[in-house]
Structures are given as C-alpha cells and as structure tokens.
Amino acid sequence: MEDLAARPAIIEVVQSPKRRRQERLPGEPRKVAYLYILPAFLIYAAFNLVPLVQGFNLSFYNWDGITTGQWVGLSNYRAVFSDPIIRDSYLHTLVLIVFYCFIPVAIGLLLAALLSRMRIRGLTVFRMLLFLPTVLTDVVLAFAWTWIYDPKGPLNNFLQDVHLGFLRRPWLGDFHTALPAVGLFGSWEEYGFCMILFIAGVMKIPASLYEAARVDGANAVREFFAVTLPGIRYELTVVVVLTMIDALGTFDEVYIMTNGGPGTATTVPAFEVYNRAFLTGQVGSAAAIGITLMVVVFAVSYGIAKVLEPKDA
Amino acid sequence: MNATTRRQAIINYALLVFFCFIALFPIFGVFIASVYPSGSQPSSFKLPSHFAFHNFVTAWTQGDFSMYFRSSAIVAVSVVVLATGLSVLGGYAFGTMRFRGSKVLFYTFILGLIIPTEATIVSLYYDIRSLNLIDTWTALILVEVSGAVAFGVFWMRAAFLSAPRSLLEAARIDGASTWQIMWRIMIPFGWPAILTLMVLTFADSWNEFFLALVLTTSNQHLTAPAGLQVFSGKYVTNTPLIAAGAVIVALPVVMVFLLLQRQFIRGVLTGAVKG
Amino acid sequence: MATVEFRKVTKHFDEVSALSEFSLDIHDGEFMVFVGPSGSGKTTALRLVAGLEAITSGEILIGEREVNRVAPRDRDIAMVFQDYALYPQMTVEQNMAFGLKMRKTPKAEIARRVQETAATLGIEELLQRKPRALSGGQRQRAALGRAMVRQPEVFLMDEPLSNLDAKLRVQTRSEIKQLHKQVGNTTVYVTHDQVEAMTMGDRVAVMSEGVLAQVGDARSVYEEPANVFVAGFIGSPSMAFVTMNVTRADGTAILSRGEVRLETAARVLLPDEVIVGVRPEHARIWHEGADLVGPVNGTVEYVEMLGRETLIGVGLPGGARLVAQAAPDLLIDVGGSVAIGIEPGRMYLFDPATERSMGRL
C-alpha cells in the first residue's frame, strides 16, 4: 500500500491531537456539524468500514466465490501459521523490510549525518530529483526495473562490460535472487524519501547544539549520536513506520515484476490475498490474510512509534 | 555553521549528486528505451541511433492508451473533486466546531489510514459485484474517494485548526453563518492546504493499480497503470513499445509534480514533520 | 439604552473558576475599563458579554435584555481583538464591509458607512490593501474600523493596544479616547496595563482572580483603594506595604516595627496589627520641621535614577521595605542609613486578615 497521501498521517495514530473543550456556546450550531461530516462518513463507511467487517466475517468461511461457503471457524487464521505459502509470504516480507526500511534509512541517516554541518545550496532541486521515485507510478517504475533486470537487459550487459560477466543471471527468474531483486527496487524507491525527511529534520536542529558539542570536544561520530540522531527522532519514527508499512503492503511491484514467482519465491501477503480471492477461489483464506495483515500493520506502527518516540511534553 | 572544510563540502555535494543520479537513472532508462525502434531489444542505456518517437503514437492509438488515459483522467478528476469537497466539509466541522462524539468520529476516520486495501478488497469486490458496478468508473471512484477522504479529513482538520480562533470569533460576531464562514473565510485561509490535498489525491488516484486491477476489466474502463500492465502482456517482447506506454502513463503525475512541487513536497513533508 | 449588566455572573472552565459572582452595572455611553493581571477574569468577562463563552450561572443583560443564550451576532455588539483578527484574504474595505454584508445591508449604505468610518480613522488610502500589507498600527485601525462601521450598541475591546510599540500605544490611546467622545457608544475595554486603565476609563473595574476588587473612577481607585490588591495594582511605581504592630495610648496610635515608631492621631479603631501602605510619591527624605510623619529609619537598599525623580528603596527591620521619592539631584549611597518621612494622611491602613481598607492616617 503506497498511498502517497497517507504517509504523513500515519503518525497521528500514536500522537493524540489536542482537543478543544466541549461546551455549548450561545447560539453556536452543534447538530449541523454532523451534517458536514455525513457525506464523507457515508462513503468512507460504505466502502471502507463495512467491507472490513464483512471481510472479518468472510474469513471464517471457506468459499470459492461461487458456491455456498462453509464455516470453518479459525482454521483460516491457523493457516497463517501452518500453511507454508502464507508463512513464506510473511517471511519474504521480513526480507523486504530490510530492503524497504533498513537500507534506505541507513542511507538517509548517513547523508543526514554528513550534511548536518553544512548549508545545502540548491536544496530545492535535489529535493525534487530525490522525490521522483516516490512520486511516480510504481507500476511504471516496476516495468523499468523489470527491463533492467532482464537477462538481456542493461544490468547484465553492464556487468559484462565491467568484466563481471560471471555475475550475470536471470535476476527475476532465479529462486535466490528474485526476492532481493524486488527488495533492491524497494530500497531504490524509498531512499530518496528518507533522505529528504532526514535532511529536513536535521535542518531544524539548532546550530547551537552542534556548537556546544564541539566545545565539549565531540568528534563527528559522537556528534551524530549525541545531537543529530536524537534531533531527528520524530522523522526517524515516521520514516521507519511508513517504509515498514510499504514493505508489508507490497503488491504492485511483485505483480508486475515476478507475479509471485518463480514459484512462490517472491509472494507476499498482499499478493496472496489477490491470488486466493480472484485466481484460486480461496476467498475465505484471502480475507483472513487481509485481516491479519491489517493487524500486523497496526501492531508494527504502534510498536515502532512507542519505542522510538520519547515521552516528552 | 560552516565547520566543514571545502574538501568535505565537495565530497558531500558529490554524494548528493550521486544519489540523485541513482534515483534518476532507471527513469532515464525508460525514456531511452521508449525511443528505440519498436520491436528491438534495447539492452543498455546507450541512445539509439534513430529516435523512434513513433512508438508513442502507436501506443496511443493501437495500444489503446488513449482509452486508458481517458479513464484515468475521468477517475482521477472525479476522485479529486469529490474527495476534496467532502474532506473540506468534514475537516471544517472537526476543525472548528465543538460537538458531542467528535473525538470518536475523528478517530474512526483515522482508522481508515491504517486499514490496508488488502483487508477490504475481498468483500469490496463482492459488494461492488452485487451492486452491478464491476467494471465501471463509478465503483473505482467511490472506493478511491473513501480512502482519500480518510486522509483528507485529517489534513483539512489540521489546516483549519491552525487558524487563529479569533478569526472565527470575529466572523461569528460579524454575523456570518457556519456555511458562510467556511466559504468566505476558512477556505480562502486554507487554500494552500486544499491545493496540496488535491495534488496528493490526484497522484494517488492516477497511480492506483491494485484497485483498478480488481474492479475494472474491460479495456474501456481500465485506468492507465492497469492498462499498461495489460498492454505489456500483449506486447511482451516489444520493450520500446511498453516503455513508450510507460512514459505516457507517468507523464501527467510528473507534470503535476514539476508544476506544483512545492505543494507536493510540503504536503508529504509537513504532515510527516509537523513542528 | 445601551447598558451592560452583570448579575452574579460565574464562569467555570472544567474545575477552574474564571469568574465568581461578578456583578457590575455599566452605564449607557460609558467607557468602562476592566483591568487586572492575567488570570483575573477580565478577558473572560468580556468574552461572556460577546457571547463567545457560555455562562455557568448568573445573567448578563445588554440594554436591559437578557442575552445569556443569545448568539453573538444577535447581541448588537462589535469586538476588537488583541490580534485584530482581520480576514487575511480580504481587503480592508471588504473586512469592514463584511459584517454589514452578513446583515444584508444595502450596498450603497455599506459603501457610505465604510467611507465615513475610514475617513474618521484616517485609513482611506488603506482600503484596497490586504492585512499583510499593513503595519501593526494600520491593522489596529482597520480592526477598529471594522467594529465601528457596524455602529453597535456596545463596543468590546480585548487589549487592542498590547501588540503595538510603546510610542504608538500612547498615541492610539488618546485617539481611542477621542473617538469615544465623538461617537459615544458604550465601550468595555480590557487591559492589563493600569496606566491605560487610568487614562482611558470613565470608570475602572479592577479585577483579581475572578473577582471584582473595586470599581470606580480613576481618582477614587487611586485615592481610596478598597483593598490591598487595588492599592498595590494601581499606581506606578506601586505602593509599598509594611506590616506594623499597634499600641494605643489615649488618642494616639503608635505603629511600630522593630525600632521604627510612628505616632499619629488615631481616629479609627485599630487591631493589634495593621498593614501600612505608602506610595513612593508620598514618602520623602526626612527633615525636621517638614510636615511629615516620621522619621522612619532604614538602610538604603537600592537607588533608581529615573531622570525626573530618584527612587530609593529603604529597607526596614524584618525584611520590610518602603520606597521613597527624592529629587533627581540627590546623592545617596546604597547601604547607608536614611530617614524617611510620610505625608500626613497618606498612610493607608489595611486589615491584615481581610486585606480590606481601614482608611488612612
């Protein structure tokens, strides 16, 4: 799930907004508020909440989408642990998390650390360029990388040209390299976003903190851990949560680049949902996977936010 | 705060440039591949000797991309208009009015930000089917709006909350009704936020693949990303042609981004980096 | 009659009581100033009149009409906010016209009134500008203009001068007072600055911690403060307070603290202990033969040369302090001893238990 727009709002979940006091003021309209909210709420409920509840219900059945379904209780959920394919899909997500989250965050931190001491000229241009992978249709980007990974494509040719020809292989078709190949795509897609957010965060750290550290005799490494890292704690939380959610919800690129394959080497939960609901007639199972995915997403977001966010006023 | 030596600065800029280049090269790749002669197999980033711009025309006409484009445009514009309108209304209520249950209702919307499409897609499909709306733009629009509204309400509420309370009070003393306050004061005040919302919603809608894949089937109704996928299935070995189609698909969002990048970036950054 | 009446008005915010049993009558055409430190309830009282907060108990009447539940737009009031609250996307002219437009006033009438008001305030050239293109002082006038153009029964002003620099503040102060003389509407003006209160108000309502401490014209609030709070709040530099013991000896009272002894004729029945308050302008360097009560001996704690006068902080036994005023050319050293004399009839006495005034000696 790579909603560009949803990115900033995720953190809101953990940080409760300040609420205004509830009071009846003279002549202030109160009931009318519900009217303003109604249209948005109706559509939202009808196409988001209701299907969620229905999905929850569906997950307790075995259904092929055509004939009547059978009640199977929690067996679809048990399958999350017992069915090797589903298990694998989650394991693959773990691998993707490394690529979608850890690597881009590391790159972002590295650059933020290096750039923390200087003013960057032309930042607008850099920002624009680094942002492009985040902004573009990932289907398009997935096709681009599919071509790059093609056995007869640029990557292999490049390796050949630099005398590393023995490294050539069918990246997306090889059991061992398919998943990392997809992962690398994710790293590429996410690192720009991380960098921009971290740089923005670093720019907000008052220079006086760095000066104080320098006076105290800190070298660059100490400065990073003592000033930079704590200073961008908030951005770090946001980035980690968002990239993890992206990793968990990966669908488009898997569908385009590998179709879950070779075999099931690159399947992910979202892909399994699609596969089972619309291709193999295991609708109940698909629903259950969808629900568990949501629980995982929520738990991860909440957990990370709690761990990384300090409890300061 | 220039404690960096000149040499360090050069290294830093070099690194920045390097990473920018990495971010761009696959995109360049697509452009380059798209002007190779149709049917050929571009295998590197070298420019072809002959620029086959004709590929774009082929993709557009024979490849049905004119249709996909049209579908995407209709869907995206509808989603933007509808989602923005509803979000402004809802955000205005949450951001400026006090009423019972506002906290609970608001959190319900926030929930929508965490509910991944995967959790609802299954029942959504069957619901839409029972409404006989499979393979229509209407279904796609409604589903996308429902997701966009979750973010939109949050976003507009934050924007309206940032307005000084005295502004609203002055308007109430002046005798403006709730509706008039929204139209004449809060919307002009929150215009940058509204624009950002529209830009982000547009990009999300245009880029949406999963929903289009599930809810639309016929060529007439497929939106651009899904259309590209179908197209690639038909012309599997014709990389330049597929690349041309990809460029066509990517273009609108790129243009919107370039024109309104401030809104774009501010939207993604501010929400994430709110002071 | 554009009167404003508070009848035992109480306002709670959750558990905090912002205003307690506040009662006050504001006369038609009066310029009433609510003054007090932050948290005194003055702004709350104003906002209750405006209808921007809901009353917890009591009544508010505007023009003899109870308005507890009436919406702000129907109360015939206009308000000038501390941050001016000008609509940022509209020109000054549109800002001023807004309220009239909402009341469906005919266009010609709106145009006429806007022009008139702008002329009165001297902001005609600013009419087509937007707030962000105006200076602080200009915005303030625009805010005033927006309120005035509606010709309401009651004007409400919430610290309108506090965002201006000192010079502009003084200038605008007198302008507002002038306007009031011209236009004559009932005005309720809130400020934390007691100088503003004293110079602008027909009457001043001094407030503290949600309660009305005293109401009266500037002179009576200064000359006859009802309690310690008002005495200490009004007047700058402020009154100094010393607790003293009282012993009586037929007809005279002896106020003492440490070695300091003051004898005066006692007309009032005094308790064993009193709080004595003296304003710096009524305490001078002691010399024999002058018509002063004293001497009060103490040590010089600080000397403030203000150009026009010099203030001397005099330390008394037990940590108390009086402040005396001296001629600007006086030379005196910190740490040295000094004797102070008090103008007769200018020792304000307060009951230590209730802090209420007991008159003066």
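So that you can tell them apart, the chains are marked A, B and C in the order they are listed, and the count of residues begins at 1 in each.
The criterion applied here is as follows: a contact is a pair of C-beta atoms (placed from the backbone, for glycine too) under 8 Å apart; a residue touches a chain by one contact, two chains touch by 3 or more.
If you're wondering where the values come from, they're calculated on a predicted model, not measured in any experiment.
Peer 1: Could you see whether A-C or B-C has the larger number of C-beta contact pairs?
Peer 2: Most C-beta pairs in contact, of the two: B-C.
Peer 1: By CA centroid distance, what chain is farthest from subunit B?
Peer 2: When every chain centre is compared against subunit B, the largest gap points to C.
Peer 1: At what distance in angstrom does the C-alpha mean of subunit B lie from that of subunit A?
Peer 2: Centres of subunit A and subunit B (C-alpha means) sit 16 Å apart.
Peer 1: Report the inter-centroid distance (CA atoms only) between subunit A and subunit C in whole Å.
Peer 2: Each chain's C-alpha centroid was found; their separation is 59 Å.
Peer 1: Taking the mean of the CA coordinates per chain, how far is subunit B from subunit C in Å?
Peer 2: Taking the average C-alpha coordinate of subunit B and of subunit C, the gap between them is 56 Å.
Peer 1: Quick one: which residues in subunit A touch 2 or more of the other chains?
Peer 2: 21, 23, 25, 28, in rising order.
Peer 1: So which bits of subunit C are touching at least two other chains?
Peer 2: 51-52, 71-73
Peer 1: On subunit B, where are the residues touching two or more other chains?
Peer 2: Within subunit B, residues 172 contact more than one other chain.
Peer 1: Over in the complex, which subunit A residues touch subunit B? Could you list them?
Peer 2: Residues in contact with subunit B: 1-13, 17, 19-23, 25, 28-34, 36-37, 39-41, 43-44, 46-52, 54-55, 58, 65, 107, 111, 114-115, 117-120, 126-141, 143-145, 147-148, 150, 152-154, 157-158, 188, 191-193, 195-197, 200-201, 204, 207, 210-211, 214, 234-235, 238-239, 242, 245, 248-249, 251-252, 255-256, 269-270, 273-274, 277-278, 283, 286-287, 289-291, 293-294, 297-298, 301.
Peer 1: Report the residues of subunit A in contact with subunit C in the complex, numbered from low to high.
Peer 2: Answer in residue numbers: 21, 23-28.
Peer 1: If you look only at subunit C, which of its residues touch subunit A in the complex?
Peer 2: Of all residues in subunit C, those touching subunit A are 13-14, 51-54, 67-74.
Peer 1: Mind listing the subunit B positions that touch subunit A in their complex?
Peer 2: 1-4, 8-9, 11-12, 15-16, 19-20, 22-24, 26-27, 29-30, 33, 41-45, 86-87, 89-90, 92-94, 97-100, 102-103, 105-106, 108-127, 142-143, 145-155, 161, 172, 178, 197, 200-201, 203-204, 206-207, 209-210, 213-214, 224-226, 228-229, 232, 239, 242-243, 246-247, 249-250, 253-254, 257-258, 261, 264-265, 267-274
Peer 1: Would you mind writing out the residues of subunit B in touch with subunit C in their complex?
Peer 2: 164, 166-167, 169-177, 180, 184-185, 188-189
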